[in-house]
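Here it is: the structure, laid out below.
Going by the order they are written in, the chains are A, B, C, D and E; count residues from 1 in each one.
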Amino acid sequence: MSLLEVRDLSISFSTSHGLFRAVNGVNLTIERGEIFGLVGETGCGKTVTGLALMGLISSTGRVTASRLSLDGLNLLSTRNWQNVRGRRISMIFQDPAACLNPTFTIGQQLSHVIRYHFHLDSAATHHRAVELLNDVGLSDAAHTLRTYPHQLSGGMQQRVMIALALASGAELLIADEPTTALDVTIQSQILRLLKSLRDKHTLTIILITHDLGVVAHTCDRVAVLYAGSVAETSSTVDLFRNPKHPYTQGLLGAMPRHGTRGKPLLAIEGSLPSGINPSVGCPFAARCPLVMKICRTDNPTLTPTENAHAIACHLY
Amino acid sequence: GKTAAPATQQAVTEAPTAVPAQPAVLTIAYANTFPDIDPSTSFSNDGAVTANIYETLTRYNAPGSKDVLSPQLATSWKASPDGLVWTFHLRDGVKFHDGVPFNSAAVKFSIERTKTLNGGAAWIWGSVNNIETPDDYTVIFRLDYAAPLDLIASSGFAAWMISPSVKDKDGAWFNAGHDAGTGPYMIESYAPGARIILTKFDKYWGGWKAGQFDKVVLEVVEDITVRQQKIESGEADWTLQLPTENLASIGKKPDVKVLINPAFETMVGLFNNKKPPLDNQKVREALSYTFPYDTFIQTSMSGYATQAHGTIPAGMYGSDPSLFQYGLDPDKAKSLLAEAGYPDGGFELTMTYATGDSVEQQAGELWKAELAKLGITLNLQPMAWEAQWDLAKGDPVNAQDIFVMYWWPTYTTPYDFLFNMFHTEETPLFNLGYYFNANFDKLIDDANTLSGSDKAKAETMFQNAAKILVEDAASLFIFDQSSIHIIRSDLKGYVDNPAYSHVVFAYELSR
Amino acid sequence: MKVFTRWFGFRFAPDSIPAHLRRDPLAVVSSLIIMIMILSAIFAPLLTSRAAEGLGEPNPSEKLAPPSAAHIFGADHLGRDLYARVLFGGRTALGMGFLIVFGAVLIGAPLGAIAGYFGGWLDEVIMRVTDVALAFPPLLLAIAIASALGPNLTNAAIAIALTWWPWYTRIVRAQALALRERPFIEAAHVIGVGNFTIIARHILPNVLSPVIVQATLDLGSAILTAAALSFLGLGVQPPTPDWGQMVSTGRIYFPQRWWYVTFPGTAIFIATMAFNLLGDSVQDANK
Amino acid sequence: MALLEVRSLVKHYPVRVGLFSRRQAKAVDDVNLTVNPGETIGIVGESGSGKTTLARCILRMIEPTSGEVIFDGVDLLKLGQSSLRTKRRELAVVYQNPYLSLSPRLAVRDLVSEPLVTHTSLRGDALNDRVVENLEAVGLSADYLNKRSRQLSGGQAQRVAIARALVLRPKLIVLDEPTSALDVSVQAQVLNLLVKLRTELGFTYLFISHNLDVVQHLADRIAVMYLGKVVEVGTTDQVFSQATHPYTMALLAATPEPHPDRKASLVTVQGSVPSLTAPPTGCHYHPRCQWAVERCRHEMPALRLDEDRRAVRCHFPREYFQASKKFE
Amino acid sequence: MLIYLLRRLLLAILVIVSVSVVTFFVARVIPSDPAALYAGQRPTSDQIAAARERLELDQPLYNQYFRFVRDILKGDLGTSYKTKHAILADIKTFLPATLELVIASTLMAIIIGIPVGVLAGAKHGGWLDQTTRILSIAGVSFPTFWLALVLQLFFFGTLHRLFPLSSRISNNVALFNSFPAVTGFYLIDTLLAGNFIAWRDAVWHIILPTLTLATYPISLTLRMTRAAMVETLSEKYITAARAQGLPERDILFRYALKNAIVPTLTVLGLSFAYSLTGAFLVEVIFSWPGLGKYVTDAIFNVDFPVIVAVTLIVTLFFVSINLFVDIIQAFLDPRVVLR
């Protein structure tokens, strides 16, 4: 059985301008122990998808799905999210500086979480905290426990965030752009750390990012999100070797890389459709270079092809 | 909680039962605090406190008594014919609260302390050059100029006899709640701004009778509504300054009595005699005919006041009930204005009054409406008293046109009114209408000298002087204040004495 | 004393404030009340047959008449119709309110902009002065100023404005300080735009909205403070109608003649409440 | 002759640390740089390496501690306020986040016309025409004239910012991470636009980015900065194919390419960027360098210029070049 | 931390000195003659002249100021012109009365305002938020004097003398259950004396004035806390804490409140300092012999030494409270000190 199964997940927000559809019928299946990439441009619904899995969508939002199950546990009927959050699923965010409470020391924050979830005495709590910090590669744990978040560098802050996420013993970690705010050199360290945690602790990770480069080097499987729905999903290798959806192709073509100098990049013209009054048909139709008549009227469904590769496009 | 409330209330009211024999308590609710209870310098409503603790040589009697004065710490006194030497014989066997005997040395000490400190009403002793103490019970005063020392000695301020034992003590010592008097009561406790509790002085020379009060609470209750509540509920035995509109209904209650008596206090609107157009007598007369005396007294005072006959208040020595009164007469005013060259008014006047004084303010508001009918604009300018006074003392040309104020005597003599407000002065202190009239000056000076020896003749002269002021329309003579006190009906022996305004002599009372 | 509401932080307004307000029922109600108050103050003479009394002409025969058909709010101690008095009193209250806030903004805002934008010693000096100004007990200062200048409408307004300006200095300075660091200001600099053009074109428009929010909130407090001064006899002088003054005079007739304090007291409350509600909504919308 | 020549530029920020002491944060430390007319020079480096500070010093938005900035033959740092203002029409800048660098209350028309109004006497229709003309140059139509920046998408807003920068046809445009805040698809639009404008109008760009891929796409030459110092300068090809400084090599290795086949490089960087106020002794990079030896710990290497105008600040550049070759 | 404290202290002293200078000189500018005031109610010219000499008013202003400062440093706040009382003694009487009231109302604000504010902020837009929004805005819109009257009428009139209307203790207690004034705080003095009858009486007397005075700070605290909570709860670290599975109670009262409390404390501190003189309307209406009434009377009497002294005292409170709040802030938020 897959660890996480998401079927027809839709998330909408009531806003002053009307109902905003952030996510429209997303399907995901995540296997135990894999690193699953969720890529897409700003506003395509990556973060809210993650939040929805933890029941953290704000009160103005509405989450619907036909199935939302975590290792057999039906999250849709969950009353007590307290047993899911932290214990089963944890989440870390893009901006570690903003995600650590500035007024408590790292030690205090870690021990709150450990003590709440495991009811340990203070010595055991401390011991566990040190262990966690060592796990995430912070060697001088005793000192780190006594510092306040602002006294740490961005990379260290993100490591602490990861430690906090692991402290509650979750099996699924949702990492929402954990490296976007960091330098490339630090980014590679953090990504390495995530991989090693997956290997050592059989952690399952959903890695949310907008950087295809990160996906290419870190993830086992990937889903490309466009305007709140999955455009294409497959194994990472397959996606990069053989991108099928015009949007995925566009994204790859838009990335400058060695050898693109002097040549124009393949820019996807236009911008994201509005989530408030989405047009009928394929959300990408307005920007698609290969648009057909049917694209403007029918919204394609995610259709599996060979190699567990699925594409939501009328071309396939 | 609701249930706890009555219990506690009960506990509080039950408290007295804890004391074996319940002492008799008199509770007096005043509207103001007692700023200064040093008997030498006190010059405010703190007289209410000092009058129960200290005593004077003579005592001014309430109106209607046989004599103007009666003996207090002095048993008899005499003036020389020229009024320059006064001899007082003192009461024997009087002791101060601290046990020091009262004698001539104490008199000399008291008056000299007062003169030295030179605060408050100390100036009443201004004429005294020298005090001699030929024996323990005789004091001789030698004066620089004639003055009615017997009246002065009865003053409610600066004339208290103080124990010589306090010669090193200053005002702060007194204001910390100490006293040094011969009077029937002593200070038991003092919570500034809240209350003074007096307790009886067992060795008081007058002795004690059953029914007299053991304790007196002088409470400060600034809120007018609360004062009314207190007197109605019996929490206070005596109070003052309730809304005049309520007096009629309060008076109907069986437990409470409303006492209305003349007060030696008058309200005037000093015309600036030095500044056009009020330098013109016709204009001043005209204005005197524009004030709505009756309406004002009815509206603002609910009728508890009387229109003034000149400046000397009704009921006082020197007052003249037959003296001419201006009335509201717009036609007469109009023709007088025409004579003065202002047929249609057309000028503006500024009237200042003390900030927050609602009676003065209403006088202005009502008058303003009348003056408007004659084409005169009255600007109402409330000012802090000190600032108002400063403005008036400055150059008369820039001063206000009309300065509304009250006057009451420090010791009861018409000279106090006539001199202070109308006598020529180099730099006027209270003659702020800048009224200068040499004949008037001479008349009142002579009357003052004479008043020590021939009170009757002096009184006629004072009355004539008051008449001159009315004829000259030197000022707007508005009303004589009534003294309105509200007491519990079961209080016996209470007599209102305007010479000591708002003072309750607790010793005279019983329940 | 009523100055603390200004501690809420401000952010740049992402959306149009009016749109937000339209969706907030309380904002709609309070705006309506304010409109009604402003209109009835302007058209007061048309809304009562006793305009003269409203402006101060005594009518002694009706002294303290209870509410009735002739005097729906009763009459005051000089027999004037309280309804007319309260109606005309609205002119004073609103006038005072606007005068105070306007005065405070006029003093405070430019100082804040200068301090925040130029920084350095100028900032230091201005901020130390506001520190000192804030350290004075405000009502005490207002009382002192009003009693020194002599009690009347303008002086009371000046007195209160003089105790309020530092708040605007702080708000505007904080904004200007933040704005100064913003890339768009630097961008203007690089282009070579002069300091005062930058203040006028780029700083002031962005500072305006928090100032307006604050001013709306302060209008309520201004009316309240002005009423407190009048209550002490330091505000507007009779016969000019003024709510605080009416409550102050009417207090001695309370509770037997309850109407005298009740109507003007309620008027103060409603006016203050309306502005506070509106200010609160504007503030919410500004977040 | 060079259009811009930066000589020994130093910028120290005073920073309060701990109780009583103040230290200097050497944000830009002895930087030398030459920009020739028509060329695009790219500056890369990690966060805090002093890229922005360098740009601001060149534009004289902040006063450098010392050094010279010779622009078009004059030292900008010696100019008085008014001549500086005049000189500024030849310089322009585009920032990272267009929403932050465009006045939120001004319409596109006012934004783009501001430089013209400041420096020319153009007004009225002529002004309007010029604004429209420039908007069209960046691919926007006259429809946008009355919009405010918030009403634009990120790409559109950045185009407005670029229009504003080029409207006076400056000699040098400084681009401080102009695409970092944008999505890849939009970034591609903006990069294409920059290339197009450069070809059509012959601009000189000083292009700052922390993304090596973006820099190589645009720049002719690249300067790599680390902790306030330039550690390597060379043409784009040189830097990419033969990086000589270990830090450059590490950067290249850490930059993830969107291709799953490329194996992760063995060149890694440990630790994070040290504090500017207490930089490491010797070579600033030594604590993170896998090849550091004793000498690196004591001696700060000089920026050495080699035969083909490459410069590198390393004691053993060639050796590591060889070494890195081996790892490929 | 130390340097931060030193700097704050220095600024505080600067403020106090400036305030003393400004009040001192402004007081002299008010058009009025202090000598005449000093000389008494109806002084003679020579009494005024004597007073002028005594008060050394003929000396240059700066001399007067230095004398004033010297006296203060000696612990002598001077003498009232009007009453001739030693001002220090007066303040010892009136300050505790006011402090008792202000502390009581501040405590009420803390006890009611903060928790309710937290809950309202936690569910902002909910019924509690909407209700408290209207109530607290009403609370800051009540004219104090009107509120006092309404409370008096309600509790005394309608509820039949539930609470006394004026003064700090009843006459009966003053007469028969008196207690020594040690601190000047009756609630404490009565306890020190072990006199529970008096203590209950004092409690009973302080309730109405406290309620009147507290309405504003309660509302303010509530609004401030709520606003800060709404803001803090939208911070990412709160979402992160939720994602870690921490219980809501901990998140609200531990994680969020610690970050949200500072503006509330600042405002509460200000409100406290300003109430020391601002409470005078309440003091007048409830015949509460406090500092506000004392200084207001002094202003009406243009009694400079009192005005100057009280302003200084209040300023002292103001800066100390500010300092205190700043220290708490530094204590709560470790980032502050570094600024």
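For this structure, a couple of remarks:
Rule of thumb we're sticking to: a contact is a pair of C-beta atoms (placed from the backbone, for glycine too) under 8 Å apart; a residue touches a chain by one contact, two chains touch by 3 or more.
Treat the numbers as computed from the prediction; the structure is a model and nothing was measured.
Excluding subunit B, the assembly's touch network remains one piece.
Of the two chain pairs examined here, B-E and A-D, the one linked by more C-beta pairs in contact is B-E.
Work out the mean CA point of subunit C and of subunit D, and you get 50 Å between them. Distance from the subunit A centre to the subunit B centre is 88 Å, each centre being the mean of its Cα atoms. In subunit E, the residues that touch at least two other chains are 30-31, 300, 302.
Contact with two or more other chains is made by no residue of subunit A. In subunit B, the residues touching two or more other chains are 225, 355-356, 384, 387. Across the complex, subunit A meets subunit E through its residues 51, 54, 56, 59, 82, 84-87, 90-93, 95, 98-104, 112-113, 116-117, 148, 150, 161, 164-165, 167-168.
Per the touch definition, subunit A reaches subunit D in the complex via residues 41-42, 153-156, 183-189, 210-217, 236-237, 240-241, 250-258, 260-261, 264-269, 271.
The touching residues of subunit C, when paired with subunit D in their complex, are 12, 14, 182-184, 186-194, 197, 201-202, 205-206.
The touching residues of subunit B, when paired with subunit C in their complex, are 224-225, 243, 245-246, 249, 295, 298-300, 355-356, 358, 361-362, 364-366, 368-369, 380-384, 387.
Subunit E meets subunit B in the complex at residues 30-33, 36-37, 39-45, 47, 50, 79, 82-86, 89-90, 93-94, 97, 152, 156, 161-163, 165-168, 170-178, 181, 197, 200-201, 203-204, 284-287, 289-290, 293-294, 297, 300-302.
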